[in-house]
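To start, I am sharing the structure in question, which I have written as structure tokens.
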Amino acid sequence: MANPEIAKLGYVSLVTPDLEASLHFFKEVIGLEETVEIDGVHYLRAWGDFQHHTLSIEKGDSGHVKYIGWRTKNRKDVGEFRELLENDGVQVDYYAAGETPGIGEAIRFRLPSGHTFELYYDIERPAPEEHQKSVLKNQTYKAWAKGISPRRLDHVNIHTTTDAGITYEFLKELGFNMREYLRDDNGDIIAGWMSVTQLVHDVALAQKPSLPSPARIHHISYWSDDSQDILRAADILSENNIKFIGPGKHGISQALYLYVMDPGSGFRVELFTGGYLIFEPDWEPVEWTMKERVFGNTYWGDSVQDKELNNITIEAK
Amino acid sequence: MANPEIAKLGYVSLVTPDLEASLHFFKEVIGLEETVEIDGVHYLRAWGDFQHHTLSIEKGDSGHVKYIGWRTKNRKDVGEFRELLENDGVQVDYYAAGETPGIGEAIRFRLPSGHTFELYYDIERPAPEEHQKSVLKNQTYKAWAKGISPRRLDHVNIHTTTDAGITYEFLKELGFNMREYLRDDNGDIIAGWMSVTQLVHDVALAQKPSLPSPARIHHISYWSDDSQDILRAADILSENNIKFIGPGKHGISQALYLYVMDPGSGFRVELFTGGYLIFEPDWEPVEWTMKERVFGNTYWGDSVQDKELNNITIEAK
Amino acid sequence: MANPEIAKLGYVSLVTPDLEASLHFFKEVIGLEETVEIDGVHYLRAWGDFQHHTLSIEKGDSGHVKYIGWRTKNRKDVGEFRELLENDGVQVDYYAAGETPGIGEAIRFRLPSGHTFELYYDIERPAPEEHQKSVLKNQTYKAWAKGISPRRLDHVNIHTTTDAGITYEFLKELGFNMREYLRDDNGDIIAGWMSVTQLVHDVALAQKPSLPSPARIHHISYWSDDSQDILRAADILSENNIKFIGPGKHGISQALYLYVMDPGSGFRVELFTGGYLIFEPDWEPVEWTMKERVFGNTYWGDSVQDKELNNITIEAK
Amino acid sequence: MANPEIAKLGYVSLVTPDLEASLHFFKEVIGLEETVEIDGVHYLRAWGDFQHHTLSIEKGDSGHVKYIGWRTKNRKDVGEFRELLENDGVQVDYYAAGETPGIGEAIRFRLPSGHTFELYYDIERPAPEEHQKSVLKNQTYKAWAKGISPRRLDHVNIHTTTDAGITYEFLKELGFNMREYLRDDNGDIIAGWMSVTQLVHDVALAQKPSLPSPARIHHISYWSDDSQDILRAADILSENNIKFIGPGKHGISQALYLYVMDPGSGFRVELFTGGYLIFEPDWEPVEWTMKERVFGNTYWGDSVQDKELNNITIEAK
């Protein structure tokens, strides 16, 4: 029997102390669409996201992320992952279909890094209202309705105070492939870019011993099609008096980036385009040394190094 | 045991009556790099292609394509596909490692449409010469060295006079997923966009009863990162006195396109960017009707309809 | 004493039979801002326009343009032009300051082609409301607030059934320089691109004997900074179910274009970027022959030739 | 009689200690074309420059600039400027036609800031060789032949240790208009952006008391049409192992920038696009205070502040 498999990153569930500010940021400035609001939780997606939501936002005491959802390749995979994880001694919580609106039955568990992953297969695809619907049959909403208007969710970047190597192994068992990594002078991998898809990364995990709590979220990333969209985003953010880092181009992943923080929650969003896809089945992970680290982070442009804005992360509870 | 799987489109082997003109076009105007020339066959790749070649060019009596190469996911898959195909009564030719320079052992067979596919797993990755090498560890050649300079091979588009439905079934058995298709007024699918990757298509097959020979190749496509790169390509082609169709945006695949013919062989190249990726494991193929056909082909821009340049195809021998 | 001089194109006054549709088109789809509405006339400008308005829209029986306003270099020039024109036997109407809101004293007269030009010097520069104001001191409104969001008015294109040569001479006396022109096989100039600024044209005039009324307006043009903005405009128009011609690149002027008609009035707008500036004081006008006409109109891309949408013009009353 | 007038920036004459390196940089990396080489002086221009050259390069002991050439509006203006300047006690040197290849009779004089300006009117427009010639009648060379391939010379930026205010007055008498300026806390203007054209600046002059010699050149700027061209330039420079500052967007002028130094001479080139044009005859210069200085220099992106590369200037002899 084939192993259960993860198909893709699904969504991130964000809690914000300032719901109004966060909704303004994500809906008007970033330009996500709201699928639905249920019990105070707002479910958002980009115009090119094909499913129920890629970000949920609700009010809470502090800015943090509850869990990161991943869609499996098959319906049966949810149960099979549950069995595999429990056999490995991992505690798994089960959620019946619909406990999260739009999502079928799901399991949640913690990575060794302290982050909670959710796995699910079934997901609703509510149609947009008629006036919001794209004229294209293969696209959800009309593009460019408001704000920056990225196409789709791309990846999530997480930090841990624990030994990241243990979590890389855990993620490999879940089916994630290491694509690029940073090795420190002791020979340990302290940052890894991993994917189940043909993107360079669906998740990046970095080891940061000095964080104020064990598991943090650095950012989620939304993808735009063109470099010019990222420059236009810089104009839009500036006109909204919102600070950001970038634009710059990563060496690792080769993508053009711009980092901006949700003023409501402190959650960072990376606006992202370019980069390469990995179709080779025997991809050899690309190693970057500490000497190459700055170049790997910023090939050119506004550097992510030594920027205060880059050192703030929110908790993964 | 898991089924054998195809990982990706590998290359196309082109024969041209005017080798000099074709090499000038692909090397200087398109801007591909030459990995090596062996026995009169020139092996080319784009700066972001990770392997030995994505296009080979050699001299012959007429412009045609010999075969389309696909890389399997595992080394064992080549033999397993051979067994499966022979069990199905398909004639399979075997090529020992190295018969095609840079490629390991391979099999070739004909689709019902008349096109020859090659499957292989092992492939060499020769390093570029030092002065051509990218400063990025995850990139093969320096970008933008000459001409249009696309990043990588994207897909192949083929035509047949036979019943395309038979070949869609054949391709599904090889692991290709139907992503979008055009259904005619009789209910038959007469154009299908299929992929083994998360691209909307690695191969598109259209049924064209009026072609002068049964199996034709409409184009191969090279990918650029930005829309502006396609507009710059239009300038470059114009300055080289080479006609083209485009730029325009497909409804199907949502990609920006520009079609241009190699003056040496008559082989069409699509310069291509944008579009969407498919991460959903239960993707429902998008159906386009004959009424929607023109819109599906050209969402906006210079239409591919009724253009003489669009009706010429070269033979797949 | 120095001759009076025209500094720049100021505005176009549009009358529309469907005010609601025209305002929706110009404000929400094109993305112009409304400076003010007075007595049913809506005064609009782009985010980078520095003055009171560049387009006025009011309701009337048919789609037409009342006059085309031009700003002089000096306050005294308005009176001097009046004197010069009257000395030449041209009938000149005088308008006291404020008759057109935001505009100082002005004169209006007809070109031999039948189009009405207005000359004025004084103009108000009302500040945007605080929340609309750009964070940049050298920019009027926040960029990218809605719709296509071009930067500024660029030029106007007019058609006549009369002998265009007479009007070219008239425009030269007003200070317009011929920059490029189309000469027909009889040796007559039948289309001319003329400017008082360093743009290739502030006004283009073409001779079209078959028009239904003597003086017509083909389009006004708004400028965007980047080619990608024009491609994004094509997406936005498509999502609004509004047809257009383009994108394409003119040979004449070298600019990227997209033509779209206001659904309310039938008035055409060209979305425009690229091209060249003329700093040479002894610029030799570039001649295009009838054989080169198609190439001059469309260097590449979606051709303006033989498009129904391109043959509709509105009357200049 | 009308005052003599300057029409446009013409060229900069660069001396480099490493001619080979400078020629490689300007011809292969920047992508300028060589009009001609005479007596060891190489005359270069961009594909959209309409005249003989916009940069000359010759070998010398140190990297420096000899003079900055400006074209007058009329032939008679050269002599009239000579008379005016001599009447004001300025020493003027006269050069007969052809002393600088391609240039007619010319005068040279020093600004109070110590920089040498040349004024000329006549200039040759040699045609490119047939294979280099653009297919467009209104363009000099084929675009995109090699390297970054900007369209045209844009402006020059100069520094002085003297009281800049004296030179601003001098430049105003030559016909330059102040467009934007930086006022220090003492009320003095210490940086000014001035133009004779409709560009925001043809020349910027900054007062920098700590420079090692009185008159320095900070950079010349070449214009590209699209923002994407500047991002592509960043890739090209990186692949050539050449460091740069940017990309970033100026508040002052609103232009996208990238600064790079010629490895041969230390002369800085700004790659530049976007920004606005000034058509208003009564433009009110935009004032920036010391508090707004950083924002004025860098609206967003890689900051020009505190970058070592930004503090090196070459001498204006």
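Here are some notes:
For reference, chains read A, B, C and D in written order, and residue numbers begin at 1 within each chain.
Here, contacts are C-beta pairs under 8 Å (C-beta built on N, C-alpha and C of every residue); 3 or more make two chains touch, one makes a residue touch a chain.
Chain-to-protein mapping (UniProt): A, B, C, D = VOC family protein.
All values reported here derive from a predicted model rather than from experimental measurement.
Of the two interfaces, C-D and B-D, the higher number of touching C-beta pairs belongs to C-D.
In this assembly, the C-alpha centroid of chain B (VOC family protein) lies 45 Å from the C-alpha centroid of chain C (VOC family protein). In this assembly, the C-alpha centroid of chain B (VOC family protein) lies 46 Å from the C-alpha centroid of chain D (VOC family protein).
With centres defined as mean CA coordinates, chain D (VOC family protein) is found 32 Å away from chain C (VOC family protein).
Within chain D (VOC family protein), residues 226-228, 235, 238, 299 each touch two or more of the remaining chains. Chain contacts here are complete: no pair of chains fails to touch.
Of all residues in chain D (VOC family protein), only 226-228, 231, 234-235, 237-238, 244, 246-249, 256, 299-303 touch chain A (VOC family protein) in the complex they form. Residues of chain C (VOC family protein) touching chain A (VOC family protein) in their complex: 134-135, 142-144, 146, 226, 228-229, 232, 235-236, 238-239, 241.
Those residues of chain A (VOC family protein) lying in contact with chain B (VOC family protein) across their complex are 2, 7-8, 48, 50-51, 71-74, 136-139, 151-152, 180, 197-199, 225-228, 251-254, 273-274, 276-277, 279-281, 286-288, 292, 299.
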